[in-house]
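Below are structures written as structure tokens.
You will see subunit A twice below: alongside subunit B first, and alongside subunit C after that.
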Partner chain A sequence: MHHDIYLAWRYLYHHRVRSLILVICLSLMGAMPLGVHEVMNQGKRAMLDRALQTPLIAGRVGSGVDLTLNALYFNNPNAPRTTMAEVDRIESTGWALALPIYSRYSAQGFPLIGVTLDYLEYRRLAVTQGEMMTTLGECVLGAEVAAALGLEPGATLMTTPGNLFDLAGMYPLKLHVTGVLGKQNSPDDGAIFVDLKTAWIIEGLGHGHEAAAKSVVKDPTKSGNTQMMDAGLVTYTEITPENLESFHFHGDPATYPISAVIAVPNDHRAEVLLRGRYLNYEKDAQLVAPLSICENLLDNIFRIRELFDGVLGLVGLSTLLALSLVFSLSLRMRRGEMRTLFLLGSSRFTMFRLVIAESLMLALSSLCLGGVLIWMARHWLSGVMLRWVLA
Partner chain B sequence: MRKTVGYRMMGWLWLLLGVFGATRVLAEGAPPLNIVAANYPLAYFAERLGGQQVKVSFPVPAGEDPAYWQPDARTIAAMQKADLIALNGADFEKWISRVTLPQSKRIDTSAVFKPRYIVVKDAVTHSHGPEGMHSHAGTASTTWLDFRQAIQQAEALAQAIIRNRTGLKSVVETNLVGLIADLHALDGDMRQFATQLGGKPLLASHPVYQYLARGYGLNLESVHWEPEEMPPPEEWKTLRDKLKSRPARLMLWEAEPSPAIKRQLTALRIQPVVFQTCANRPPSGDFMDAMRGNVQSLIAAARPPSANKPLKKG
Partner chain C sequence: MIRIENLAFRYPARDSGFTLRIADFQMRTGERLAVIGPSGTGKTTLLRLIAGIAPPDRGAIWVDGRAVHAMNDTARRNFRITRLGFVFQDLQLLDYLNMADNILHPYRINPALRLSKTVRQRLERLAEELGIRDKLTKPVTSLSQGERQRAAICRAVLPSPALILADEPTASLDPENKQKILDVLFRAVESHNASLITVTHDHDLIARFDRVLDFSTFR
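== the complex of A and B ==
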């Protein structure tokens, strides 16, 4: 047996290019369907995990998919908005904990999420570097954001203006980074979190007066009490300990906007009651179960897998036939070599063993390469699938 | 015989280990509920309701008005770690909109009577104490001075404690009965005072008695005077003019006015009566002592000099 393996190895090594092509063909044939399945399963698992951790989501009546994707993955900032009245509505029932989310804005290319501290606690997002935010104008960074921007506690970053063409709109807000959250391998890693009230300041619902007041000067070209801003007026808003007390809000807090409310019912009975209430009485709002929304969405998306499987099956079959042809032709070409071995005293069984050893070595090598390819797909492509689904 | 002694010793050892373990589990399993209160009345209610089972923090420094206090980052961080943050509501915590605190841990104790908040208009901006310039515009916030409202606040706090720690239900409910009884007694005494006064006009040195006045039907009007600051002559003149149409004989003060102010008031036949709001911890005694003192001072001041009817005990 030892000699068979040695002779098989020498033969394959001698024809190394042909052997390598055979190994690549065989490994791809096996790894392709398995790899695609693995990547799809990983994407599905990642989506469903997040949905599983989120019992119910309330929001403005409309597309349940948009609402769910916005609340879970912060990927649709322009989704229809609801108001804080929705939070009051859920809290007043006493059946569930209400976690409002406002995901309209961004900062340096990352979603800026307005939340209450309850959200961070519910998602088990703890500060691993620095401190938790304590006042308006402060933020904590998801682990991926901190790594990508190279920011640490004590740094600052500017919010992105909502609309570049809105010349009379709000100035960007300069945020103070107080901490970095631990990595959770979830969409929270790629987000910047601020207090809901800070998000409303960006919205223009709350503001301070000190910065503008300092820059007011009398217009020398006009008589009377005409005043104008001088050139020293800063073109961004910054909340500091000095001007913090001047910040205040206007209007009824119940009308302030939010993107969605995550509702965490106290128990199964509370969940049923809450869903019943929304089904029967709330005509301007909807309450969705993210798990069923995500499952339906993934079922629809992953129907493509059946097509993939069919195509890959056909490709695999044709590759297998081609390989069989290559193998039989190669045996025919080796007829002289076999005859020499026979004349040297080898039995037919010995030659059979040689061919089997060569085949096994090819199969084993293909298996190893296929395994490496699947491992690479699992590690590097699982995020790609999630991004593709959410894009 | 030896075997029996050995078994007994083993038994005692297990028993000791069991007792030690159970004590540790009990001690570690139920740490006191950590409550942060935004004003002293709520801190007092929490202490009365939870007893030894709660750890109450009241972070406002002595001598500072909690209604105009601003917590620093360290205090906010401590509040974030608390199990329950007891708020007065009615715009008492002006800092609440500027800080980051968990919504689920906050309990607005006056939310139940929110529709009945008193809105103050045309307030004067003035300054006294470490909190600097301020005005009393907005919502009147000394809600607990109407003792029926104080009962509602205590009930809201009790419910929040029970929601947070169901194991404290029986303790809190028992203590709530005692607290309500004390507040009812104060309410009864205030009603006695209101009856005794019979709608006669009253004055107050500061606009902080709105709920007291409404709750007990007092004909009360406020000025903006401080106990240690002699009001300017024009304010005395305004007061004299006012007395012509409102012949008030009693004036409520948050603290003892200076002897000079007292002399001038006496000259106008106005008796100053100290009625502490107790928004911050009183220098001596507790909330109930201070309130009983307040009510008894009022009853004594309203009694005709000839009367010698004994005071009703609170």
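== the complex of A and C ==
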């Protein structure tokens, strides 16, 4: 047998370009449908996993898909916002834990998510470097963000201003990185987390500035005791231990914006009751189950897979036919060689064994290359499907 | 060594109607025989019949006391491999193997021959004698025609056959190389005490053979 393998190897090596082309064709033929299926399944799994870990999401009435995708993947900063009243509404029932999320802003290309510490605990996000954020102006980085930006605890980063030309709008805030979260293979790895109040400071609902007395002036256009602050009032763009005390909020906290509320019911009964309760709020709020939203979405999207499978099947069949033709032509071209083998004393069975050994080596090499391609698809393209769905 | 009686053979697919007929032919051990004659008179066919590559339609062929005509395919093949050495006219070397692998090829494709360390040592000795030792690892495509002829002779002689059949081993060579190749063939035959049948068109060479069989008289 080892002679067959040796001779087969010598033949394939001598015709290495032809062999390589055959191996690539065969491996692509096998790896393409399997790889695509694997990538699709991974995308589906990743999406459903995240949805499975999120029982209910409450938010502004509108598209349930947008609400779900934004709450799970932070992919739509412009999604309709709700208010902290939604959190109060859920908590007042005593049926569920309410986890507000505010995902409107970003910093250096990554979504900046305002949450409470309960969210991090619920998602089991623990810091592996540094420590958890404790005060305003601090943030913790998802593992991918830290790796991409090369930031460590102690570093700072600026938030991205919402609109450069909006002079009255929010100013960038310098955030202090206190910790880096452990990798979870979830969208949390690609986010920067701040306390909800920090997010509202970025929004402009809270701010810190110099003592107003220094810059209060009398309004010359008005009579009486009307006073106003002049443009010289310094508003802080960084929260430090020295100016922390000066930060304060205006307005009713119940009206402060958030993107969504993750509701974690105490039990199944509480979940049913909560969903029933939200049926009464259908004009201003909605409560959705992310799992059913994602399943419906994926069912619709992955209908394309049937078409894709059909196309791949046809391409595979035609490639197989072409390869069979190449193989039979190759055997015909090798008649002289087979005659030499016969003249040198080879039996038909030995010739058959040699051809089989060559075919097996080609098949084995194709299998290895196909395996590598599928492995590469699994490792490098696993996020592609998810990004495509979210795009 | 060889006895042929009432031999008749006709290629089934040939339209020429040519039939090789040999009434009686004998050859003794150690004899060196040259077969000459015009093209298409059956010289190569005779070698193929003696080697058992093709079975005769009629008649009997005994080689080394064995009835080749009565053997089945497997027995004929094993007999050819173990007892005969064949230098083919077109050499039958495989491009994808180097010279050593070509010489050892019969050992790799036929279980009747066993590729041992002794065989490899004999190959090196023989290659040394034939002056091709330094070419053993070279691809056959990079060899000269003379080197390829020597490789084919080396392959035929390596299993120490009792009979060597050489089909125009000096074709397409210049006179000097023809003599050299014949020297090599004769030396190999002598060192193994083998018999030799060589088909040739070179009348300059036939003087070196013990006997000449002229096929023009057979037709």
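Basically, the second predicted complex is superposed on the first by the 362 of 391 C-alpha atoms of A that agree within 3 Å, B and C clash if a C-alpha of one lies under 4 Å from a C-alpha of the other, contacts with A are read in each partner's own complex, and residues count from 1 in each chain.
The working rule: a residue touches a chain if its C-beta (ideal position, glycine included) is under 8 Å from a C-beta of that chain, and two chains touch if they have at least 3 such contacts.
Here the structure is a predicted model, which means the values were calculated and not measured.
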| item | value |
| --- | --- |
| Side-by-side fit of subunit B and subunit C on subunit A, or clash | fit |
| Contacts of A:F247 with subunit B and subunit C, given as first, second, both or neither | first |
| Subunit B versus subunit C as contact partner of A:E86, first or second or both or neither | neither |
| Touched partner set for A:E144, first subunit B, second subunit C, both or neither | neither |
| Which of subunit B and subunit C A:E358 touches, first, second, both or neither | neither |
| Partner chain in contact with A:D188 - subunit B first, subunit C second, else both or neither | neither |
| Vertex subunit A, arms to subunit B and subunit C (CA centres, degrees, nearest 10) | 150 |
| Closest approach of subunit C to subunit B (Cα atoms, Å) | 71 |
| Contacts on subunit A seen with subunit B and repeated with subunit C across the two complexes | none |
| Complex interface listing, subunit C residues touching subunit A | 53, 74, 77-78, 80-81, 86, 88, 92-97, 101, 105-110, 112-113, 115 |
| Complex interface listing, subunit A residues touching subunit B | 97-98, 116-118, 121, 131-136, 138, 195, 197, 206, 244-245, 247-249 |
| Touch list for subunit B against partner subunit A, complex | 70, 73, 76-77, 80, 97-104 |
| Complex contact set, residues of subunit A against subunit C | 3, 6-7, 10-11, 13-15, 337, 339-341, 343-347, 350, 354 |
